[in-house]
Amino acid sequence: MVMDGTAQQDSPNKRAWRRFWRNRLAVLGSIALVLLLALVIVWPFLAGSDVTASPGDFIHHPDAHGETPFAEPGGAHLFGTDIHGRDLLSRIVAGTRISLIVGAVGAIVSLVIGVFWGAVAGYTGGRTDSLMMRVVDILYSLPSIIFVIVLITTLHGFLERWGVSSDWIPRLKFIALFAGLGAVSWLTMARIVRGQVLSLRTRQFVEASRALGAGDAHILLRHILPNTAGIIIVYLTLTVPAIILYESFLSYLGLGIQPPQASLGSLIADGSLQINPIRIYWWLLVFPALALVGTLLALNFIGDGLRDALDPKADRNAG
Amino acid sequence: MPTTQQSARSSKVRALFCASVLLALISQTACRPAGQQADLRIINGSEPESLDPAIITSLADSRIVKCLFEGLTRLNPKTARAEPALAAGWQISPDGLVYTFDLRTNAVWSDGRPVVAEDVVWSWRRVLDPMTAADYAGQLYFVKNAEAYNTGQTNGLTGKRFVASDVGVYAPDEHTVRVELVGPTAFFLDLCAFPTLAVVPRHWIEQYGDRWLLKPGLPVNGTYRLENWRLNDRVRIRANPLHWAADEVRSKVVDFIPMSSPATAMNLFVSGQADIIWDKSLIPSSLMDVLRKKPYCHTFGYLGSYFFRFNVTRKPFDDLRVRKALALSIDKRRIVENITKAGEQLANHFVPPGTADYESPEGLAFDPEAARRLLAEAGFPDGEGFPSFTYLMNNAPVDAQVSVELQAMWAKELGVKMEIRQAEWKVYLSEQSKLNFDLSRSSWIGDYNDANTFLDLFMSNNGNNRTGWRNERYDALIREANQQTDVARRRGLLQQAEQMLIRDELIVAPIYFYAGVNFFDPEKIEGIHFNLLDEHPVYAIKKKTK
Amino acid sequence: MYFFRRTLFLIPLLLVISMVAFTLVRMAPGGPFDKERAPASPEIERNLKAKYHLDKPLPVQYAIWLGGVLRGDFGPSLKYRSHNVTDIIASGLPITLVLGGLAFAFALGVGIPLGFITAVKKGHWEDHVGGTLAILGICIPALVVGPILVMFFGVRWKLFPVALIGTPMHLVLPTVTLGLFFAGRVARLMREGMLGVLDAEFITAARSKGVPERDILLRHAFRTAVLPVVSYGGPLLADLMIGSFVVEQLFRIPGIGVFLVSSSLNRDYTMLVSLVLLYAVVLLVANLLVDFAYGLLDPRVKLA
């Protein structure tokens, strides 16, 4: 009874967190992600900033060239080396960092703009809905490649005019890349959220709270969005890999990251050249692919856990 | 209940309907009538932009066009030097300015009409006609008044615009073509084999306009007729029985398969679905160390240079010592052995070895000691104070790998920091021609076998200069060389020019000379001979019968 | 009535899209006739531009193009200069449609059952295995799946052709390569839709009325559960119908998907804007169908 009492006093958020921590896979995923983040953040300090120096053991600078191209995994290079004799492990770590940033940008944009746009369109309905969704259609139809090309060159032109040092070029590409990826990442999210909201806004519980005099914002935030949390999270877990892979496609066209930088996507794209009937340097494909799959599995477990934890029905059932 | 059953049934019907429509579509589009299998299947590089001799610019396109339309001369399958084609013979005036070609009397279009001298005149004028907008009209600028007509200049004597009839190509009778040149042009006969100068069917073009190539029954005068052309699928050609040398044609039906992925090309070849791969863009560089040991891989010297341009208008690259320091610290061997791997020769000079009647002067080899000394002299000991600079390049994998190598070499040998600026192809071209770069990756493939096709690039007013370098002495040397009829004297002048380019002024830093690479099984295919131009006339190639 | 108005609304929408695309491509540096080798004189380039009206003001160019489109002529391709854009679309579109249709069927055929099973068996091993498969499908790109399939099924075991088209067998590997990624996404969305519906009021009500579980799942739950998939279906269908650059390049399929990317890179203005228009038509119609399907599946959704 006492236990029940305290549980009753807990806020829904607290209860959601408790549910989350009870989900074994979600906890496992969280631990893996935290470890990965730690590795990605600490690695550059371990590897140092000097390309020509070698810190020894199995930690290397991701851009340091070596004398043994295509060395097999083992020894000083745990995951082997690539065509320039660079250490694959350190490149995967560096690539994971870039890919995580890219994925996070896509996720945030699609969460903030996409959810807002879709929810407002679906909830308001009628002419506003039509107008907002047509904007989505227009943006979806435009070729994103051209968009990115225009962005990059415009930004580059500005920098040249202002006489900014060429050190900025890789960073500049990043900004354009993020803008380009952000511009496309939220569109489908908006459509999906709008679809759900359209279906939810006529449900009994929404009608009921409206009858009780609740305002639109209150209904949207308190009643409708929590019910779409599941689909939002699931779609986010779909957006992140899509954005990460889209980045590698842009890089393949010369519009993404600059060499010698690496992303998981570009490492996998390089690795895919190794699948041929003549000779296979398997590590160049297998390790980056495993890194991506592992990262995304962890994200998915967390997503599933969050989904179950945030589900309002779970709250109701438990209560 | 009946309603749900009905809807279930109707949805089943709908699904069946959809499936049958899909099946019908599949059989419509994917399963074309099996048709005859080609005698020869060639993977030929990217999809042709056109098959119009006046329009094409790429090597892949020209290989097909050379089968369809013939010029006054053609290149020999073995030596790739000019030999009689539409012209059975010719006379050259002692000053090298007037060429008189005697046309074959038995040359006909594939619809039976004879090919006459007037056709040659009309075809050349068409290339020069501003309305045709031919990219390669410049190939005819060696002919008198050709440039003036093409660029719409006004004749200083008459005060009128130059017109087609001012161009120095005439048909005194049905089987004679007389050409007047601007200067004695040592390579003019080779140029006559270039597809831009091929003869096209006037009667057909006048009838069908811009869409003449796509009309069935296209008359050709080459060794093959065009049978089928479907974008990104194939170009199929069939032997032309009316060609004057029809009995020399050794493969009747030939498919050119357009391709842009080296991996897919290799898969098709290995699984026996293609007989030949030949294009620079289809070499799987990362596998070349293994492939070169296979009997079906053939590599040979090729008329192409890989280099980078300096932008001499920007600091610190206006300083010769800086340019030399960068060039001297390139370990070309590492690039050729680790990256390109197709047996490319290291390049210390710009004109590829083996170029006809020419030998290049010696340029700068790998010497990091001297490089560091020069950099210190220029005021940057150990790279201190050297501004970070950019290397403009496009997005091809091999080019990216070479640029990454250069970056590491310069960091290691000189202590300078280079940023790679990878741009998408059109941006790369546009930035390069606007001189928006410090260094820029470049390559050049010779159009014909003569040093001029490489050296005239860097004349002051050449659109391909793209370095900001203007030098009157260089211009004068090239111009004087092209007025020479004496081979040895001409070579001397061109050598002096190249010496400026790669040593005394160092405007470009050569890295390697391309290797030609062909894939075909010598047990099965015969008639491909290796030459500097990677020129392999299709009529001479044959699949051996068992 | 609602759908009639939406259909009418397509026309101004298409105008806006084509106009924006037309302006956007001109902002990209470089032009269709920029080559590695500059022409021998600047006049040549001027001649080229004049021939294709590129020397006229942008609105005039747009009007010329639009006038052509209204007559069913998309104008000449600036890259493939012997072909009209209409020729290229006519020769490539049917193949792309077939491949896209097959991949769509594959994505739904694999994705929906997979999502259904993983939802019904939530927390069991079927869920974990199915979920992992779906994630593999999502995060391994066609760039990797395609070559692996070709390596084994094409080169090694010689079950299917490695590339090109000709027989239905040629379409098998491209379909799987293209469909796998979308199948994974459909499975995830389907699972989520199903989970959301399984403990909804009307399902609980049906259970308490003693409706057999099989019927509950297939008849009642499924209709609502498939909604997220349907939402996603519009863009999915459009993406598949316009083809895939990677798959078409990898298997050298003469569709139009390659051109959507290559015309951007080649600055083939007429080609690109025409393809954008085509894509927009497919997308808008697909979205219209999706909204229509919404009304059918969920009577509570009122759009008008």
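When the chains are written out, they are named A, B and C in that same order, and each has its own residue count from 1.
As a working rule, a residue touches a chain if its C-beta (ideal position, glycine included) is under 8 Å from a C-beta of that chain, and two chains touch if they have at least 3 such contacts.
Since the model is a prediction, treat every value here as computed from it, not as a measurement.
Among the chains, the centre nearest to the mean of all shown protein C-alpha atoms is found for C. Comparing chain pairs B-C and A-B, the larger number of C-beta contacts belongs to B-C. Centroids of chain A and chain C (each the mean of its C-alpha atoms) stand 22 Å apart. Between chain B and chain C, the centres computed from C-alpha atoms are 36 Å apart. Between the CA-based centres of chain A and chain B the separation comes to 43 Å, rounded to the whole angstrom. Shared interface positions of chain C, i.e. residues touching 2 or more other chains, are given as 28-29, 147, 150, 155, 265. Shared interface positions of chain A, i.e. residues touching 2 or more other chains, are given as 149, 153, 253, 275-277. Counting partner chains per residue, chain B shows two or more touched chains at residues 263, 267, 270, 424-425, 427. Of all residues in chain A, only 125-126, 129-130, 133-134, 137-138, 140-143, 145-147, 149-150, 153-154, 187-188, 191-192, 194-196, 198-199, 202-204, 227, 230-231, 234-235, 237-238, 241-242, 244-245, 248-249, 253, 265, 268-269, 271-272, 275-277, 285, 289, 292-293, 296-297, 300, 304, 307, 313, 317 touch chain C in the complex they form.
Here chain C touches chain A in the complex through residues 6, 9, 13, 16-17, 20-21, 24-25, 27-29, 131-132, 135-136, 138-141, 143-144, 147-148, 150-151, 155-156, 185, 188-189, 191-193, 195-196, 199, 201, 224, 227-228, 230-232, 234-235, 238, 245-246, 260-261, 264-265, 272, 276, 279-280, 283-284, 287, 294, 298, 300-304, going by the rule given at the top. In the complex of the two chains, the chain B residues touching chain C come out as 4, 22, 25-32, 34, 47-52, 55, 57, 130-139, 141, 147, 150-152, 210-211, 213-214, 230-233, 257-261, 263-264, 267-268, 270-271, 273, 424-427, 429-431, 433, 443, 462-464. The part of chain B that touches chain A in the complex is made up of residues 263, 266-267, 270, 284, 286-287, 290-291, 338-339, 387-390, 394-395, 397, 400-401, 403-405, 407-408, 411-412, 417, 419-425, 427-428, 436, 438. By the touch criterion stated above, chain C contacts chain B in their complex at residues 28-31, 33-44, 47-48, 50-51, 76, 79-84, 87-88, 91-92, 94-95, 97-98, 101-102, 105, 147, 150, 154-155, 158, 161-168, 170-171, 219, 248-255, 258, 265-267.
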